[in-house]
């Protein structure tokens, strides 16, 4: 019933309403954020039919989270609902240079960490063209790591593409543990999305030359496509033979969190519908637009992305 | 160094900023609330020297919580700080009749549940005139129940008064378990504070006649003083011989949560400085003032309480 | 694909964020409101599958409106989207006695007024058990009146129930015009919902005795069921033979607008699933809960409604 | 050029934006308030041409104050502007029963206290039908007391009516000083407006019988008209021969401050255009509407006042 | 009675209160904006006596709009008030590069479009030194175009200067229609204000050399003065013989909308009182200050403009 | 009992909540600000034991001010409380280039100006390692100037270090008066902190060469250490022999007010614990962090300061 599945944990994101530290916060802005639901939202806004799978507690907070994801047009009908337990959350203190943006996770023992392969309605998803996962899930514990392998194995050799964004989080695990756990996973995925930083930190591919890193990853893990992101600089794709590169768009910065997920959504949209060139174009456009608004989600539409790619954006449209 | 110690868990209290359900909340008001820290704040505002003991994680959220309690003049120097773990929280959806006020607790595995008797600086507190505890602590698990007993045993027969507010919470445990766990505790405390509802639900003293309930409790547990609260109606005290009663003040209702803790603070203030009559007067006055403002805390001052007792309040003072 | 269809215009509802007149407003709260989409939202929250049909301009404001309705679980896939034109709106100044609540409509020439019978995907709706319409639609002009007749005629004798809420609006038309236009409509509907006021103003059934009015309407228009609402007092149903009555619940008042639509949703839910008794129970419960929150919509859930009916509501649930 | 002149001090009114004490306020609502400018605003909204005279410092705060008064249609062209000094202000903590509403004045040495008779453009005001003053001005010091006498003497026997609202403020002076200073003033005014409380506190007319008090005042000070206000109960007028009385309207209470000034504006409007009966009607209507909105000013219009008097108000006008 | 008249439509301007798209807006900031009323406000703040003429519906929204313009000191006594109809509005979504700032107009059939020459009190305005109009008015329909011609013809050869700002709006009409309609108008005005963009788009004067464009316009339309604006770069004036040029001030950007109108106000102020040099200085200063605050209006004062021109601005004045 | 004393006036700081001029402000953000209490807060956040001495009126506003300072961990137990009088305040209009940031002081006759040497509990402070004062105090009048001398004389030759920040305020006095009053003071202090601007304006040390200025000051006033601040450029220290210099950190600017006080706190912290090098490092780090948040205070912690100095700051820590 859906073109794309994404699966992962989503948390309540609580950040001061005004410019303030968490310690002095009087009110929290209530957002909802998770790498894979961010990607789901971005793809749904581009017009694809996308289902997000996760496990939430069936209370007001869980429903708030699900509905905030549905807002973008994502199919939330296959969320697994738990009777008891807790929904994860994190506190966000946005920084201004040189004060860093800081996160305090409070996600231990969330309902998601108890999600089992068998609880999911795989029949509903059997015609999906793409399954998107990220390295955050295996970081959440043994059971979530096992789930990741089960899903990949389930879809392998079925014609469904498997994409995987490394998304290393230093507050969840160390680079060496991450490397050990993630290596067997990335070997099995079709599209590997990885930042230049994570390639070095987690997989040990350290080089000033991005192309060398992209080639290194592809040769090590034999992915159909390796996509390497370089923060504000741009992104690169390598399929073992051809290399593509595109500069990032210059963009004002309101809230950078979620930028990477919008890039992934854009890349996957362009790649699914067309090719790696389109993927990089949409990825860069959606990443740029993402950081001009608050919250992790991609709040814009397909039209704005395509106007940016086509170079038709005006400063003021009246 | 302090006159009074209160010990218990304190949580972040997150409620919609506007009149809204939790499910539709866009922003949360950030408050800090815990029965025993509420009592500490109320007593400090009356001019006593009060220390609050608890365990918090040493991060921005933990510091926010401690400072919000210090705001009232409470000594927070003996909080036990944890390096890791989580601070408890709850979501609050204020109701309007007939829609109930609802709480969603997210307090499992908080730092407080790992607090040990040995971690606390008892030397610092050796001259306290009063230790105040509540029935919420033993509801939080075996270790917290044990801690409650250790503290009571530590102060018993030292001249330090022990007060205990039953505070039954149906979302934490069943009436029968609560009754079993709390009975050995209430037998050891000097001042037992209990609502008419809890006397029936937890201890089985069911009667339309409040005096009969107060006598029943005192005869069963032999407390120096039993204080029975009757919501908006008023409160009663019984010491085995004499009975005191005072009507509640008529008061507008902005936020009723914390009203009971302000009553306890008022009763203990009046009782420590004077007698049960003063206790009921201050208890009712502080309860009434408490519900005219948002948040669990007692935000007013000694002067306002005493003007109310003296009948000198004006509607408009200009 | 859906159990229930509702069709009608929905507007942006702009009201001062703070207690203020419109003339002094600095910020407007942005809500979305329309009698028939309110009913759709209420029915979806009770667990029915509901589609809302209307016509909106395909711009940010139109999408905002559609998504706000989808938030409640309503199927918005059959909205007719216009390329150009305008979405209707109204300004709301909430009153406090004796200052009246006032509305300024700015809905002339909205996209909805150009909606044609042929633009709607009737195939998709062919299995609906109920179609709900209101007297606001024919008030919007000749073409909307014709549409109302076309829909009723389309479903008549198909087993699909047709319900109709009179909803007289004095700012849209005079009582005499309303009476002339609405009479041929109400003769064709199965469930007629009408307030005691509108029965007098529009149809001339003036009496202090509600039962007499209900009987008068039923005898005049031969509806399967006449439902008469009496503001805060309660509601009555009459099927030509039996008469049912239920008192309203006592309820605090935060925002009364939308109360009637929640009643209709509740009545239709109870009546569809059960009978007129259930209809009045759910109608009164949903009306009472509706006015405890801001906005036209019913923001609560099935569980809260049923707890209220069962008499299990607590003031504070913790 | 104007029908009415009012003269007096106006202050910045700073109150917590949320329900909070001043001590915990994070943000202040910025209002502008002064008894005589409140009356000016009310009269201008009723359609009279009104000039307000005062002295303000020519900085952003002074201009804010003047423009907020002009907003109501008041002529501010004859404000006297000071190059240096300060504009007065007060902090307001709105109460909820039994917590009193409290004011902290910070108005000492404001620019107004240096206003001289000679600084005012009396030529411009020479055709005024009414001059309105209040007992707050003489409370502000010797020079302001002298100014009050100068103005009254200037207009006496010119055909211009002089009205005076006693407005006793216990935070400015004691009852005995007020009585001594105000007695020679009230003897010279045409329309004396006084609350039942002030009649007792300041002038010693203590009685449960309002009529007796009104007669007492009139016989003592020989005013053309004595108007006695009785808070929520209503108001009475006595001209030495005839007595008029009207009950107050039942009204919800959002912010009672300014209610008395709206009564005065209403009375003066009705009295100037018609007679004491009309005065009491407009006074009560404007007082009732005033307290349904925040701020001291009368924010409604003539139409709303007259609908209330005519008994045509609806709860909901749509 | 006034020095300057400006005439044109003004709309409610509704934009998200927080950084958000319109589609996700929860609250709208309520501003009032129209090119000609912006110019009126700017000129009034510089100390000129300015009247703004327009047609508004006499309801709360219309009065809000008029009072917001009066706030700046503009004479609103000659607004034409309509009994029925609608006031225009637009929704504004402020952009952050590369996301464009977008407007959605909802101004069709506003009261302004029915304004007739005969409805205006020309007697009151007979001594005006300047009439300012803009190209937005003729874009609003045949009748508004005719009104533009009638006004220009009325003042031609009376000694009253006529200034005209082209203000091309692509959402109102196409360049070719605009060119056809505007050409006969610009031939009759004294001061023609036009952006480099509009000169190319509407009148076909395309050149990289601004001077060439200015000369081209002047030779084509024979205006007393052609003023060419070049966005952030600066502005140029040409009177057929002499050419003046001044760089724009470097300025932070909070809200650029209204910048052009503040430039026009500044130019006209300097030009009326002095000459083209002063005009460019005031124009650039007011444009720079305008974009440091939200809303279309010029919120600063004459003093701030002149300090900027004189180079006396400090970063921090304490 | 404390390591450091700071003494000076603190005011309420009222600034528009949104981007707006003061003239149009609807709500004021309530902050508390004073150069010496800012320094106290910064030092307390670095872990020192700091007492702040001042005089406040004992009302809600005075208590608000004291508690806001205590929030940072400052000992407020030795504030002198006045029964009557007023607390000073200032209005702040934050600028955006080229619109200046402007302050309107309303601090005349504040309680602080009546503070006497004898009212202060010097016994409590006898073991302080450092007393910090500023040039604002002597600017407030003869009595405050005398107090400054009394304090310096009291601590001279006791081993307590005396630091003094010149802090020239042009709205309080002229450069020549400031120079005359401050010269005898700066001659007696150990650590003189002065901006390059103030060195020129107040003391006449005008040079493009900062080192020359530092040497000039030291030779004139013979301070143990002269610290010269150069706004965004960095800071220099000179002890008569050695010269130290450190560049400022690049930092985003949210609110620059208080930046200088955070520098002073940092310098004094580093210098007290270590040496001038550490002083400049901490000073620059705290100044940079200060301007990334709103309000005068230093809201960050020791850890953030030291991570910045160590170069370990990340943009995003997750």
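Each chain carries a letter (A, B, C, D, E and F) given by its place in the written order, and its residues are counted from 1.
Everything that follows uses one rule, which is that contacts are C-beta pairs under 8 Å (C-beta built on N, C-alpha and C of every residue); 3 or more make two chains touch, one makes a residue touch a chain.
It should be emphasised that the depicted structure is a prediction, and the values quoted were computed from it without experimental measurement.
Least step count on the touch graph, chain E to chain F: 1.
The set of chains in contact with chain D as well as chain F comprises B, E. Listed by label, the chains that touch chain A and also chain D are B, C, E, F.
Using CA-based centroids throughout, the chain positioned farthest away from chain E is B. Because chain C and chain D carry the same sequence, their contact can be compared by residue number, and under half of the numbers here are used by both. With A-C and A-F as the two chain pairs, more C-beta contacts join A-F.
As a whole-number value, the distance joining the C-alpha centres of chain C and chain E reads 44 Å.
One finds 41 Å separating the Cα centroids of chain B and chain F. In terms of their C-alpha centroids, the spacing between chain B and chain C amounts to 46 Å. In chain C, 21, 23-24, 26, 67, 71, 102 are the positions where the chain touches two or more neighbouring chains simultaneously. Pairwise chain contacts in this structure: A-B, A-C, A-E, A-F, B-C, B-D, B-F, C-D, C-E, D-E, D-F, E-F. Interface residues of chain C, counted against chain B in their complex, comprise 71, 249-252, 254, 288-289, 292-294, 299-300, 304, 308, 313-318. Looking at the complex, you find that chain B touches chain F at residues 67, 70-71. Contact residues of chain C toward chain D in the complex are 18-21, 23-24, 95-103, 105, 169-171, 256-257.
Taken in their complex, chain A has these residues touching chain B: 14, 17, 21-30, 59-61, 63-64, 67, 86-87, 89, 91, 93, 102, 104, 106, 108-109.
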